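I am attaching a structure below and will ask some questions about it afterwards.
A, B and C are the chain letters, set down in written order, and residue numbers restart from 1 in every chain.
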Amino acid sequence: MSFPLLTATAALPALGAIATAAVPAARRTAAKWLALLFSLGTLALAVVALVRFEPGGARYQLTESHAWIAEFGVRYELGVDGIGVSLLALTALLVPFVILAGWHDADPLEDARPNRRWRPTQGFFALILAVEAMVILSFEATDVFLFYILFEAMLIPMYFLIGGFGDRAAPAQFAAKAAGAGDEAAATQRSYAAVKFLLYNLAGGLIMLAAVIGLYVVAGTFSLTEIAEARANGSLSMATNTERLLFLGFFFAFAVKAPLWPLHTWLPNAMGEATAPVAVLITAVVDKVGTFAMLRFCLQLFPEASKWATPAILVLALISIVYGALLAVGQRDMKRLIAYASISHFGFIIMGIFAMTSQGQSGATLYMINHGISTAALMLVAGFLISRRGSRLIADYGGVQKVAPVLAGTFLIGGLATLSLPGLSPFVSEFLVLVGTFSRYPVIGVIATLGIVLAALYVLVLYQRTMTGPVKAEIRTMPDLRVRELVVVAPLIALLLFLGVYPKPLTQIVDPAVEHTLSDVQKTDPKPEVEAAR
Amino acid sequence: MNPVYYLYLASLLFTIGAAGVLIRRNAIVLFMCVELMLNACNLAFVTFARMHGNLDGQIIAFFTMVVAAAEVVVGLAIIVSVFRSRHSASVDDASLMKL
Amino acid sequence: MENLIAPLIAAPLLGAAVLLCGGRRLDRAGHWIGTVLAGASFVIGVLLFADLLGRGAEDRTLHQHLFSWIPVGSFRADIAFQLDQLSMTFVLLITGVGTLIHIYSIGYMEHDERRRRFFGYLNLFLAAMLLLVLADNYLLLYMGWEGVGLASYLLIGFWQHKPSAATAAKKAFLVNRVGDLGLSIAIMLMFTTFGTFAFGPVLGAAGDASEGKLTAIGLMLLLAACGKSAQVPLQSWLGDAMEGPTPVSALIHAATMVTAGVYLITRSGAIFNGAPDAQLVVVVVGAVTLLFGAIVGCAKDDIKKALAGSTMSQIGYMILAAGLGPIGYVFAIMHLVTHGFFKAGLFLGAGSVMHGMNDEVDMRKYGGLRKYMPVTFVTFGLGYLAIIGFPGLSGFFSKDKIIEAAFAKGGTEGWILGGVALLGAAITAFYMTRVMLMTFFGEERWRGRETASPAEPSAEPAAEERGRHAEPHPHESPKSMTIPMVVLAFGSVFAGGLFSFGDSFVRWLEPVTGYAHGHPPISAAAVTTATVVALVIGVAVAWLMYGRVPVPVTAPRGSLLTRAARRDLLQDDFNHVVLVRGGEHLTRSLVYVDHTLVDGVVNGTAASFGGLSGRLRKLQNGYARSYAVTMFGGTAVLIAATLLMRAV
């Protein structure tokens, strides 16, 4: 038996979570380094997986299969296709940056006021690693039941990360109100956000559970590969209504997670209240499980129902794009602004998936990766900014460019990536999604391009209000990026540039998987009107 | 003798016990009524064992008696301690278990 | 030779990367690095030009394929370049004028502590613009297109501690983005129509596509061109863009960036040739902008904004010519090149004037400067003569050809377009003479006056250090600034004649753009005469108004049209009321809707569950006997149900 690489990629962060949690409370720094080390080890394993993955090979590679709950035919089945392996790599890549960016986020506060909440540093990093383990395994699972368990289980550490660790309160000299009262209000807001996150996702998960059971009753197995094969060769047929209901059950859960309008309202709360690294974890990593699962489970298990639901989903995605962008323009809190921008971007991803063209789906997959990197860059820099001033309100900033040019520069690049400037990687994916959608649904494609203009609006307004203009008195002494922060941001920016100019390594891995998915739903790309001579 | 009569007796006893549980306030009496219901069941079990000619019902009756004995020990202990603290054996006075 | 195309772009790109990432260490040498790399790019351009000249007319297209950019299914975008006569012309203009402006900026930006970054941005701009004209497919062109937008955003907002500069930069980027929307839709349309968006296949197969598709593509390309080239209705950013340092105005908003739209339309000539309706719209846009810009230019007292209006108007000429089809493409490009010379020269001259006048921009506070700034006066004067089309100077040749081509369009359209073009020529002569008279002639209105009054903040914040409230002491600018002006003045004088000599420019561009000789309904000589007459009228009226009588220092109230023109013909007011206000209301109400309605439904569900459970918990009354009743009742129901099921 060969080395179980995929299990290892998930087991390593899981082990790391346990090890980090076990570090004694006094040795905080050791716990941080331990967590970073484990996440880097996971990254190394992910790179190995990426290298060992053969783009032209079998659909699912590096497979593992063991009996688990034999009575119900539940198996521990793992395998990755091009989409899974690239998202696996994205997750493994982002977590070290998240850990590094959140290095001081869970430190005990200096002013030891009474009834100050205990902030368990070790717990923070252990929870991040736990999320990583579960997300990675969910990208690898090819057993529906196993996937479901992970899909739900990752809510638990996320809940504690959102509810337990907020932004540090403003330093004493800036706090207008009594700091204690502000802390209490923030804690209330935070627990509201955490509970909302949990309830939304649990509701989605519950409906999915019903659909999972329904699927088992119909198909008699939980194995994705078996069901997909049986569906393809016609040995398993579902009644139209059954298929549609099961599809809706799955899709609902993924649409909550993704999130798709109108199931999106948990995201701004969660991202606004969580610390910036955790917000990155939510939007760049955990939410991707939702869109990934649409591509893998909805389309493969229920091809007919997917096609049936396409028009409605495209319209919802379109609303997400425009609505998210418009709301981002209207935000006064920069983290919420980024959250609404993400909603707009998730609209693009879902639109690309359901456009059912190779450009659309490849674009959607690339979009998941590029959005992860670009949002991480923008959000983490915003987090650095917020940690300096102690406020999330855009109006509290102004003229940062003058005092902290490197911070402003990186913020601008993150913003430009968010508005999909050509030359940065998000452009590649956004354009592919637009072209893919346009070639089948021209009207929807054209309306979606409005998102391009609105993205420029909210990014530039944010930049103008925070970074330019006269320097505000409160930020006159603001320090520029520190070495640790630069180490976080620089690689992300380098990656944005590299993948913007040379995305071929990624498209090579993703393309065959998309071809498989398209053949599952029996769709081919529309032919051009005039076959131009090449 | 027709075993059905035993069943009639059992249901009569059960009904008396149930009515007692619903009507009486004194915890001790309530308790005795519960015992009455249990014994009515035991009677029914034994009767059925006799009717079907196997020992299952009798075995279950034994189990019931053991459980009932254990229940009496715990229940009486609770009642005595409640009576000590509140000087009342009325179940309606002990209505603190509510939201 | 084709391997030299990539280095052409790489040189300024390298400069941008080094200067922007290099940090403070490079502060002292930064401007030299930037200038040398821009110059290197120009040298490579000249080498390539020499190589092209050595080839036969049909063999002058070079290709360089670097690598595959986005290969997904049938969607193939490559990083590949195409150098032909059209892009060569642009390369020389961009790198040539660009290098001159780099040199000029060394002196102009000397006192700015962020000069290194300024040169980094300039280099970035050159790289993006070169990518735009050298790309061999529309998607790569799009990358350059947006890159130019980014560079202009950074440069317009270079003094970003001034809110007005930051706002102007944002506005420029946003308006450009609206145009970009057109380009991206055009590319998508090409992909669905032709299955590709590389120049060769698309333009080659344009004849096979339906006219409807071609019209749609053409209109979308026009939208893109309107954004970048500041044509009506996307013109509003150009005036505000004068918030940037003056060299930026010269480079971006006169010589290169705004010409990108003309390039796009000329490059896509094959598409427009198959879509007469789209061409008509192009022509109309060009004609309207031509007059629009000219009218705005007449009313502005800010020297840079007057020149900005003139730029808009001149680009209008080019777009008009490009919309005429093969009879106009060549002249559009010819006017573009000559305009690049004289407009860059005029802007640099304006910068030089401001440099000597404590960064005052209000022409009403100039006057009589010819004595103090002789070099600036002569070079600016030559640029002035060129732009109004003084016979023999470069503007005369190119503009005259456009007017001729407009008449040659034929029919009523031809007469209208020709008339508009002639009218434009007269107005051009008027407002440029006005600028000239107010700046260099007349009495010295700056004597005893503080410049750059706080009410109208100076464009150049460096003025603060140089003592903004003192009476100005006009002086000539340093050599690094005057030399580029002299070179550009030479171009303004001779370029037109050189291009027209033996129709050299037409023969040079013909293989790429195609050329058809237009036959105006009146003879060419008559058109030329009419142009000269229009010119004389314009100059004479301006002299009567601003030369014969003294210019008041505070602007008179003016007629309704003047007041409207001062406010850019109310374009910003329109945008503000319709787009900004409307948008604000929309987003605000959406935020409300999201909070109350979408979130409200969810919170409402939660609340109703809470209410329901509040009711239900009343059942838990703590009475053991009531629980017993419930249990008995439940058991009874279950037994009854079981019996009933049995019975059925």
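By definition in this document, contacts are C-beta pairs under 8 Å (C-beta built on N, C-alpha and C of every residue); 3 or more make two chains touch, one makes a residue touch a chain.
Bear in mind that the values here come from a model prediction, so they are computed numbers and not experimental data.
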Problem set entry | Chain closest to the assembly centre - both centres taken as Cα means | A
For this session: With centres defined as the mean of C-alpha atoms, identify the chain lying farthest from chain B.
Result: C
Exercise. Cα centroid separation between chain B and chain C, in whole Å?
Worked result: 94
Problem set entry | Separation of chain A from chain C, taking each centre as the mean of its C-alpha atoms, in whole Å | 37
Seminar exercise, completed: Chain centres from averaged Cα atoms put chain A and chain B apart, in whole Å, by 60
Seminar exercise, completed: Interface with chain C, chain A side, in the complex: residues 196, 199-200, 262, 264-265, 323, 326-327, 329-331, 357-359, 362-363, 399, 401-402, 409, 416, 421-423, 427-428, 431-432, 434-435, 438-439, 442, 445-446, 449-450, 452-453, 456-457, 460-461, 464, 467-471, 501-504, 507, 511, 525-534
Exercise. Which chain C residues qualify as touching chain B in the complex?
Worked result: 617, 620-625, 628-629, 632
Exercise. How about chain B: which of its residues touch chain C in the complex?
Worked result: 18, 21-22, 25, 30, 91-92, 94-99
Exercise. Of all residues in chain C, which touch chain A in the complex?
Worked result: 20, 67-75, 79, 139, 142-143, 145-147, 150, 153, 157, 160-163, 165-167, 169-170, 173-174, 177-178, 180-181, 184-185, 187-189, 191-196, 201-202, 204-205, 208-210, 213, 583, 586-588, 590-591, 594, 598-599, 601-602, 606
